[in-house]
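Look at the two complexes coming up: subunit A is in both, with subunit B in one and subunit C in the other.
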Partner chain A sequence: MTDHLPVLLVVVPLVAAPIAALLNHPRLSWAVAVAATLWTLYAGLELLSQTMASGVIHYELGGWAAPYGIEYVVDPLNAWVVVIVTLIGALIAPYARVSVEREITEDRIPLFYAAFILCLTGLLGIAVTGDVFNVFVFLEISSLSAYALIALGSDRRALTASFQYLIMGSVGATFIVIGIGLMYVMTGTLNMADLADRLPEVASSRTIPVAFTFLTVGITLKLALFPLHLWLPNAYTYAPSAVTAFIASTATKVAVYLLLRFFFTIFGATFSFDVMQLDRILMPLALIAIVAMSLVAIYQENVKRLLAYSSVAQIGYMVLGISFASVLGLTAGILHLFNHALMKGALFMSMGCVMYRVGSVRLERMNGLGRAMPWTMAAFVVGGLSLIGVPLTVGFVSKWYLVQAALEQGMWPVAGVVLLGSLLALMYVWKVVEVAYFREADPELGISEAPLSLLAPTWLLVLGNLYFGINASDSVGVATRAAEMLLGVLS
Partner chain B sequence: MIDTNLVVGVCLLLPVLGAFLVLVFGSRPNVREAATLLTGGLTFWHVWGLLHHVREGARPRLELLEIVPGVQLAFEVEPLGLLFALVASFLWIVTTLYAIGYMRGHHEKNQTRFFFFFAIAIAGALGVAFSANLFTLFAFYEVLTLCTFPLVTHHQTDEARKAGRVYLGILLTTSVAFQLLAIIWTWQLADTVDFTEGGILSGTASNGVLSAILVLFVFGVGKAAVMPFHRWLPAAMVAPTPVSALLHAVAVVKAGVFTVLKVAVYIFGIDLLGTLAATTWLAWIAAATIILGSLVAFQKDNLKARLAYSTISQLSYIVLGALLANEWGVIGGGMHIAMHAFGKITLFFAAGAVLVAAHEKDISRMHGLGRRMPITFGAFFIGSLSIIGLPPAGGSWSKWFLGMGTLEAGQVGLLAVLMLSSLLGLYYLLEVPVKAFFFRPPDDAQRGKGIKEAPLPSLIAIGITASATVGFFFWPDLWHELMSMVVSGVTQ
Partner chain C sequence: MDDRVILRVGAKILIPFILVFALYVQFHGDYGPGGGFQAGVIFAAGFVLYALIYGLENVKKVLPPQAVYICSALGVLLYAGVGYVTMALGGNFLDYGVLAHDPEHGQHYGILLVELGVLITVFGVMVAVFYAFAGRRRADT
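Moving on to the complex of A and B:
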């Protein structure tokens, strides 16, 4: 069976989704979701250890040989992304039961789980496939299910947020498919490895730079790079808590993966950075994202929206690392994929706990929560410290590499901006801390601590923030391997 | 007999254990405080046990794990760190004793939280003291910043919230923006961040780059309170007095100047430091802080605020000692860590005792209180002598060595600064006991009735630190010996 893991990783949840819908029972559908996410987590970890031990895994779908049939390719980079997605999925599924019962009407819960599993399927499919058209198909699966998930939010503004995301997301997906089409026209292949071989011959044509441009815009729209992030804050704010935590920690990460895959594996670093000079556009945008979006976050009154703007800023860190196009820079970016998933997951999940008890995550409703919900707010504080980048948390490790990458190229003003971002993060995190710990709660509300089924997954992620901050050798090891592979310095 | 390397770990774990005992026994104050005293005693006993090994030339080392490839979370006990650890762990016991009297006498709320974070802060300070590399030091430095935040804002009032912002804002900003940058830069240049005898930066980059790193370090260690990054220390005075006494006269601020000394000796190395362009003008910034701090202290009528500015001034003595870049300066600076700690904690204890017993914060309202509280103000007098640098108090030794250092460096101007600052100290510190003993109370019939000395545990604590202050005048050998070991190792 382990031979078929790459495809089973995708097929099992793909089959589980309609089962969850057909069972049409809140608890049973939930159980299917938990089982599916646990399976994907197992498969993801297994794939990662296999590829780290014995190199790239190729899997031909239906036995059709590579450039003609569809091929799944697992290397350290996408195995890493798969682990991030499945890990968050496996924590969100048990978390969702209580949270969703509170925020979504009962008759829609089975559909919620079906959409959730489908979204997971799509994200995993994007990650493991070695075929660019397949990428587009899975992108649509994950996006459409994500629109549905966001629209399930209890606030009516969730519908407009979802619609906004639908429009923007479709523009992005269309750009991507145009880019893929142009590449196909020029090379006659959709297989990533084959494309990488054939593209250099036609790279001097006008068409390939155009394809490159369409792909750049489409992917950066999906990963919400400033200024194409406009869909993100509303979507994160009004989606159900569990959905926000899931999408914030996975969807943008997979889009960043696509960026890496297209620009390094398919086009190659030389074409992307020397010919097209991608860094000239990515680096300024990343720096603006870090500073401007952190500043915007400081002025938010809704904590989920605050964290959403913070996400746009954090995406800036990842893209910044990538824009260095050096091993250190890519290591920092790839590492931050994982680290940011850990911290944002923990933060949004703690906000889900608040939503469950208080019914709102607006700051004025959070007075004195430090005393009323000590574990929830402690989780927020640790997650926030990680976001700031305090030592012994994962945020610090990311920063350590990012600043090194900047200094390595002598760009110390860039290093300064990275550190400035930390201080801005301190300001918006502390804004919440002060409300929760320095204002008196209204005792009549009688708010108590969130139930264990919400706290346990939240705290698992919080502990992950500390564990991978103290013992980062494993995560750094995988990220370095992936970075070396993308740049082709691995023998 | 357990391995000495493990003793290092025990020293760090004991306060953490103590912190959790405090949580467990939170509802039973007597057991809770007994637990703190017991763990405090055990911690000090273990740190003291390390002294013997260090004297014999051993450097107990504990490597926990590799955080990122090449950078370890590791501890190593060398004389300078041991000096800081001895001071911090001993004064923790005394302060706990004092805090028992103070917190109960002053009816403070949330005492369990208070003692919990207090113990964690000590673990942080010991972690800083025993760090084997810059990375570990930075990690514990930030632990110390964060776990003292709930102590500073203990009262959870609006005033505390604002002070907390200043405190965290300045300490985190300087450490993240400057210190971290300096550390990563060092790592990039030297490929290591281990504290090494003779330094690691020599010959790795131009004089200009190394000067820039030195500037980043000196200002990045916000806890050393070199102007203009000193505002957090007066802000921290909203905390209960035991916090001001142990943390903002000893553990936190000394962690700052300790870091500066450690970087000077083990990252740059004294020889390299002496050749850098930035060293001299940084020394003058420290000198300016010494004078300005004293001048501001002059104008403060609130006793704790005055002591805070006095601390700012005194901390820069130690920074200056490091920047003199010679043996005398380093010995004097290191000894001043201990001497100032004992002297200043006595002053804060006395200030807190006045607050608990007479509910007075302002010096102008302390006239005549000396007759009611002779022990408290007597101790204040002794502590003042030590800070000023007069016999028979320990502070005279460290100032002596610092003065020698300025001459060795050929900076007579800096010697004049030290003298001037002592003169200023003579006035702004001794004003307090003089007014308390010799001035007539404003309205004898109304005030002063029923004012007695502070609670007994607090008085015992004051007595211990005051006698130690005098004792170190006659027996400064321990501190001198440790600092000589630091210097002799460096110049070998």
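Moving on to the complex of A and C:
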């Protein structure tokens, strides 16, 4: 069975989704979702350890050899992304039961789980496939199910948020498929490795730079790089809590992975950064994202929206790391994929607890919550410290590598902006802390602590923030391997 | 609609042919143009035509929404199920060659079954979309 792991990682949830829909029972469908996410977590961890031990894993679908057939390719980079997605999925699924019962009408709960598992399937498919058209298909699976998940939010504005995301996401997907089509016209192949071989011959034509441009815009729209982030704040704010926590920690990460895959594996660092000079556009946009979006976050009154803007800023850090195009920079970017999933997952899950008890995540409703819900708000504080980048949390490790990468290339001002970003993060996290801990609660509300089934997954992620902040050798090790592989540097 | 004899009789004549044509597109798909997606859309079109002429209530007697819901999930299960069977028989996922003694026959059966899965899901989803739009009342917001 281990030979089939790459495909089973994707097709087990693919089967679980229709089963969850057919069972059509809130609890049973939930149980299927939990089982499917646990399976993917096991498969993801197994794949990561296999590829770290013995190199790249290939799997030919239907027995057709690449480049004619579709193949799944697992290397340290995408195994890492798979582990991020499956880890968050396996924590969100148990968390979702109570949270979803509160926020979604009962007849829609089975379909919620079906869409949730399908979204997971799509994200995992994007990560493991070695075929660019397959990437597009899975991108559509994950995006369409994500639109449905967001539209399930209890606030009616969730519908417009979802529609806005649908339009923007479809534009992004169309751009990606145009880019893929242009590459196919010039090379006659869709296999990633084969494309990487054949593209240099035709790279001097006009078509390939155009394809490159379409792909860049399409993918940066999907990953919500400033200024293409406009769909994100509303989608994260009005989606059900469990969906926000899941999508915020996985969907944009997978899009960043696509960026890495296209720029480094397919087009190659030389073409992307020397010929197309991608760093000249990515770095300024990343820096603007860090500063401007952190500033916008400070002025938000809805904590989910505040965290959403903070996410756009954090995506800036990942893209900044990529724009250095050095081993250290890429390590920082890839590391931050994981670290940001840990911190944003924990933060959005703690907001899900608040939503469950208070029914709102607006600041004015959170007076004195630090005493009423001590564990929930403590989780928020640790997640917030991680977001700021305080030592002993994962945020510190990311920023440490990012600053090092900037200094390595003598870019002092860039390192300064990274630190400024931390300062701004301190301001918006403090804003919530002040309301929750230093204001008097209204004793008549009688708000109590969130149930254990919400707190346990939240705190597992919080502990992850601390563990990987103190003992970062595993995560840094994988990120360095992936970065070296992308740049073709042999260790 | 009672007075529109031409529409009613015309639809009655056309619908069986539409359904048979869908099956032709499905089962001839590996020799000519076609396949599960197109077949599913055409099959659904037969029911949509019936609904347009005879009304939504009548078509829901023939094809209850619950059946449509089950169809949309069942097709995916059939598709992936073929993949699981090929894995159990020692091939890779969707390697139809192992489905029969002669790999050529195996490929033939495999693609037909997989495309049948596509047909069922596409048919289910198409009708579900139609039901959702057609069944929407103005006040129901």
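Here, the second predicted complex is superposed on the first by the 490 of 491 C-alpha atoms of A that agree within 3 Å, B and C clash if a C-alpha of one lies under 4 Å from a C-alpha of the other, contacts with A are read in each partner's own complex, and residues count from 1 in each chain.
Everything that follows uses one rule, which is that a residue touches a chain if its C-beta (ideal position, glycine included) is under 8 Å from a C-beta of that chain, and two chains touch if they have at least 3 such contacts.
Everything quoted here is computed from the prediction, not taken from an experiment.
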item	value
First (subunit B), second (subunit C), both or neither touched by A:384	neither
Greater subunit A contact set [subunit C / subunit B]	B
Partner chain in contact with A:21 - subunit B first, subunit C second, else both or neither	second
Partner chain in contact with A:59 - subunit B first, subunit C second, else both or neither	second
Contacts of A:76 with subunit B and subunit C, given as first, second, both or neither	neither
Which superposed partner A:415 touches (first subunit B, second subunit C, both, neither)	first
Touching partner for A:434 - first (subunit B), second (subunit C), both, neither	first
Touched partner set for A:426, first subunit B, second subunit C, both or neither	first
Intersection of subunit A interface sets (partners subunit B, subunit C)	none
Contact set on subunit A toward subunit C in their complex	4, 7, 11, 14-15, 17-19, 21-22, 24, 59-63, 114
Subunit B - residues contacting subunit A, complex	65-69, 73, 135, 138-139, 142-143, 146, 153, 156, 158, 160-161, 165, 168-169, 172-173, 176-177, 180-181, 184-185, 187-188
Residue ranges of subunit C touching subunit A (in the complex, touch as defined)	69-70, 72-74, 76-77, 80-81, 83-84, 87, 91-97
List of subunit A residues in touch with subunit B within their complex	385, 388-392, 397, 399-401, 403-404, 407-408, 412, 415-416, 419-420, 422-423, 426, 430, 434, 437-438, 469-473, 476-477, 480
